[in-house]
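In what follows, chain A forms one complex with chain B and a second complex with chain C.
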Partner chain A sequence: MNLRAYKPLIPMMAVYAILIAIALSVEGMWQPVAYFMFYIALGQAFNIFLGLTGYVDFGYVAFLGLGAYGMGIAIQNFSHLGVIAIPIGIVLAVMMSVLLSLAVGAVALRLRGAYFAIATIGVNEGFRYLVEGVRLWGGTEGMILSGFMRKTFGREMTNFFSTFLADVLVIIVAFSAAVATIAILNRKMGYALLALREDEDAAKVMGINVTKYKIMAFITSAGFAGLIGATAWTLKLTYIFPEDVFNIHYTVEAIVIVMLGGAGTLLGPMIGGLIYGLMKYYLSVTFPGIQLLILAPILIAIVVAFPDGLMGYIKKKTRNSPLSEYLR
Partner chain B sequence: MVVPEHLVSNLFYGALLGSVYGVATMGLSLIFGVLRIVNVGHGAFIMLGAFTAFWMFTLYSVIPILSIPIALIFGLALGFVIFYSTIKRLIDAPELSTLLATFAIGIFIEEVAKFVWGSDYVGFSWNIGTLYLGPITVPYTKLLAFVCSAAIAGLLYIWFTRTKLGTAIRAVVEDREGAMVCGINVGRIYSVSFAIGIGLTVLSGVLVTLFVPVGINVYMGPDYTLKGFVIAVLGGLGSPWGAFIAGFLFGLFENGSYTILGMIPGVEPFALTRFVAFVFLLIILLLKPTGLLGGE
Partner chain C sequence: MTLLKLEKVTKRFGGLTAVDSVDLEVEEGEAIGIVGPNGSGKTTLYNIISGVYIPDEGRVIFDGKDITTLPPHARTPLGLARTFQIPRPFGSATVRENVAIGAMFGRASMDVEEALKEADEYLKLIGIHQLRDKEARLLTPLEKRFMELARALAMRPKMLLLDEVMAGMHPSDIDKIIEILQKIRRDEHVAVVSMVEHLMHAITRFAERVVVMHQGKKLVEGETAKVLNDPRVIEVYLGKKVM
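Let's turn to the complex of A and B:
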């Protein structure tokens, strides 16, 4: 393994270390940092598909939603095994979102551009209405697990899960998604996806198996999304409602983060997630109720003025400098 | 049997509502056809139209039918402003940029509306009597909405086929470069089509209020956006005529399916109808992306 190619993880680890240090040392900062980490994880996971392939999955949140339900189902059905229910939930969450991504990938990935975006919105909304329509997993009433978890795991343990363990797991997921990203970028798959993003037909003509790499990126991205849903939602919030976990706003937030930081870059989602999380958190603290009113024009300005994102800009500026080895 | 009668009247309502859906989706299809941009903030413009009708009625007692031209002019103006401020720079941008931009525009409109009007549900009632047709009872306002929708679609059809500008727009939909070679000012067609698309959408919001008299809310839009996608795909993305007919079919389907699924115990007919609609969406996209009614 060529370790030099993994150098860009060093600045990333530095940022994570600073964030964790702030969270642990400053009173009352653990929750805000956990909030930022959720957005970083979301961006990092989505970037593997959106950033690397250029396909816009407008129904991405469905994978988070299924992951959330996976964890919920495990807690409800395997609680007699005690704490083992949590790892079972994690496995189930990944399995469910990967299965959905296989199904969607096999059919919808034939479509391109706007058609793909609309098809994925259809998958997400269709899933939500299926859950509500046939009253699957509690239907519109959702799953409310807090009382149940307190009874089976004990009050202390439940609090530990939702205020500490869930956040730590989200940080681990974010970092693992980043490692997966750089591993893909350094392999043949990364170059194949780059070719696919530039010109899919040309890549196909050159003999690249574009379908295979597209689906691989899709599944990886979906698996991480399932993990985020299971940890940041079910384990942390202890409830699941279909209108929340299939809410298109999370997809859009993920797109914003990836774009803000720079699609297809390694460090972009971290920068994007941090900036977006900070903006959203402090706007909602200082201007409660009108944070979206302020955020929307900022988004439009970013789309129009910086389509390459911050990382794209930084990379352009540092090209051929010794720093460029650490930035990707 | 009570059910068939119920079904008949519901289907009739569906047909009336469907014509309004059709007009509400024509703008979405027109914008996609000409600019290749999916307007994810579509519903916000319907909301603006609904509020136009509401305020004109409550403040100045203007009946909704007369609000239609007002909403159209308002929508056209808004369309030009949005086009020249944002969309113009994104015409050849990847989907990522245009989807995000139109979504952000939608949120912005919703949030401004919430800031100004608050987030409560409002409504008005405009009563001009009811028509009794055997098992069907239908308020004249809904019939009027149907007549207006059909008239608007008809006028638009004539405008598109008989005027120079309309023909030019169709040429751009067909082949951008070809139209350019023929001396069509494609940039102008973009701005005009976008404005007409937004104008039609805001206008359709007025018609929508005749069906949801008390359901006017700043966040009513996204629901119509999603229905709009299903209808636009059904009619063949980019084809306003297809969208109108598909809207009609969707109205029939929605009310019919709601009634039939309502007879199955233990399910939520409302949500399940949506589920079926999205399954249709996927099937059509995969098997015939030009739409059920579209040709090539």
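Let's turn to the complex of A and C:
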């Protein structure tokens, strides 16, 4: 393995270290930092698909939703085994979202560009109506796990899970998704995705099995989405409602974060997630009610000024400098 | 040994028969020119060989295998490589990365580091090594053409399909490209099929055999000098003698 190619993880680790230090040392900062980390994780996971392939999946939130239910089902059914229900939930979350991505990908990833986007737009809504309609996993009433968790894990442990462990797991998921991204970028798969993003027909003639590589990126991205749903939602909030976890709103946020930071870059989702999370959080504190009215024009201005995202801009500016090894 | 064999290949688009029952054989290491006016079916023929289109009738045999319905990406490892008339670089990648992608996914199937090293060799060979770190979309059309040739060569094909690759090149560049092509034919027995609409002089110096296409059919096929002096060819295509 060529460790030099992993250098861009160093600035990322530095930012994470600063965030964690602030969260632990400044009173009342743990929750805001956890909030930013959710958006960083969301961007990092979605970037593996949107950024690397150039395909937009409007149904992406369905993977988070299924991951959330995976963890919920594990807590409901395996909590008699004690804390081991959490790792079971994590495995189940990944399995469920990966299975869905295989099903969606096998059909929709044969479509090109906008057709793919349209084909995926109904996936999350479809799941929501399925869960509500056939009263699957509690139907519209969702899963309320807090009482259940307190009874089996104890009050202390439940609090620890939802106020600390869940957030730490989200940080780990975000970082793992970044490691997966750079591992892909450094491999043949990264070059295959770059080629198909630029010109899919030419890529095919160059010997690249485009469907295979798109599905690989899709599954990886979906797996991380499942982990985010399981940790940032189920474990942290201790409840699941279908209208929340299948809400297209999160897909749109993920798209904004990836575009803001720089699609297909390693550090972009971190920058995008941080900026988006910071602005959304502090605007809602200072201008409650009209925060989105202020946020939207700022986002539009950034995207117009930096069409390749902030990281895309930084990369271009540092192209021939020694810094470029650390920025990707 | 026969490398490529087309048997009665036909491709229709609606009412138009773009390629009409064409037979073609190419030997290992051979240099063939495919000439014909615009719309004569040359590009469709290339697309059938490279797998972009599946013919409505007929068979495509490459290296003893029937590849008629094989998808394009599965043909490349067998030893096919092509360039495009309008170059299709992977724009945001560097020139070096573009060529390395050829080495990674072509017959050579190299890993990333090996492919990047290999790319340097081919860039030097073609003479565009100084452009290696430039984004491919920033190249001039002519530079893109050189890059595409380097990319196709890096795939280490058994058969190289060139689409107007020498158009717009300086005569000294044409000399250089012809020399490179002759070298890979000699040393690696690569068959080179070169499609040309204009630039008859380059083809007369390079190809051993010429196929003239006209309205989707093979009009004449044979030794370059003979074919280009054939009265039918002069009538439908050349308008006057070229050699």
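FYI, the second predicted complex is superposed on the first by the 324 of 328 C-alpha atoms of A that agree within 3 Å, B and C clash if a C-alpha of one lies under 4 Å from a C-alpha of the other, contacts with A are read in each partner's own complex, and residues count from 1 in each chain.
The definition used in the following text is that a contact is a pair of C-beta atoms (placed from the backbone, for glycine too) under 8 Å apart; a residue touches a chain by one contact, two chains touch by 3 or more.
Bear in mind the structure is a predicted one, so any value in this text is a computation, not a measurement.
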Touching A:37 in the superposition: chain B (first), chain C (second), both, neither?
neither
Of the partners chain B and chain C, which touch A:248 in the superposed model: first, second, both, neither?
first
Between chain B and chain C, whom does A:194 touch in the aligned arrangement: first, second, both, or neither?
second
Examine A:274 and indicate which partner it touches, taking first as chain B and second as chain C; both and neither are also allowed.
neither
Tell me which partner touches more residues of chain A in the superposed arrangement, chain B or chain C.
B
Could you say whether A:126 touches chain B, chain C, both of them, or neither, answering first, second, both or neither?
first
Listed in rising order, the residues of chain B that touch chain A in the complex are 32, 36-38, 40, 86, 89-90, 93-97, 99-101, 103-105, 107-108, 110-112, 114-115, 222, 226, 229-230, 233, 237, 266-275, 278-279, 281-282, 285-286, 289
Which residues of chain C touch chain A once you look at their complex with the stated criterion?
50-52, 71-77, 82, 84, 88-93, 97, 100-102, 104-106, 111-113, 133, 151, 155
Complex contact set, residues of chain A against chain C
2, 186-188, 191-192, 194-195, 198-199, 201-210, 320
Within the complex, which stretch of chain A touches chain B?
50, 54, 56, 58, 107-108, 110-111, 113-115, 117-119, 121-123, 125-126, 129-130, 132-135, 139-140, 248, 252, 255-256, 259, 263, 290, 292-293, 295-297, 299-300, 303-304, 307
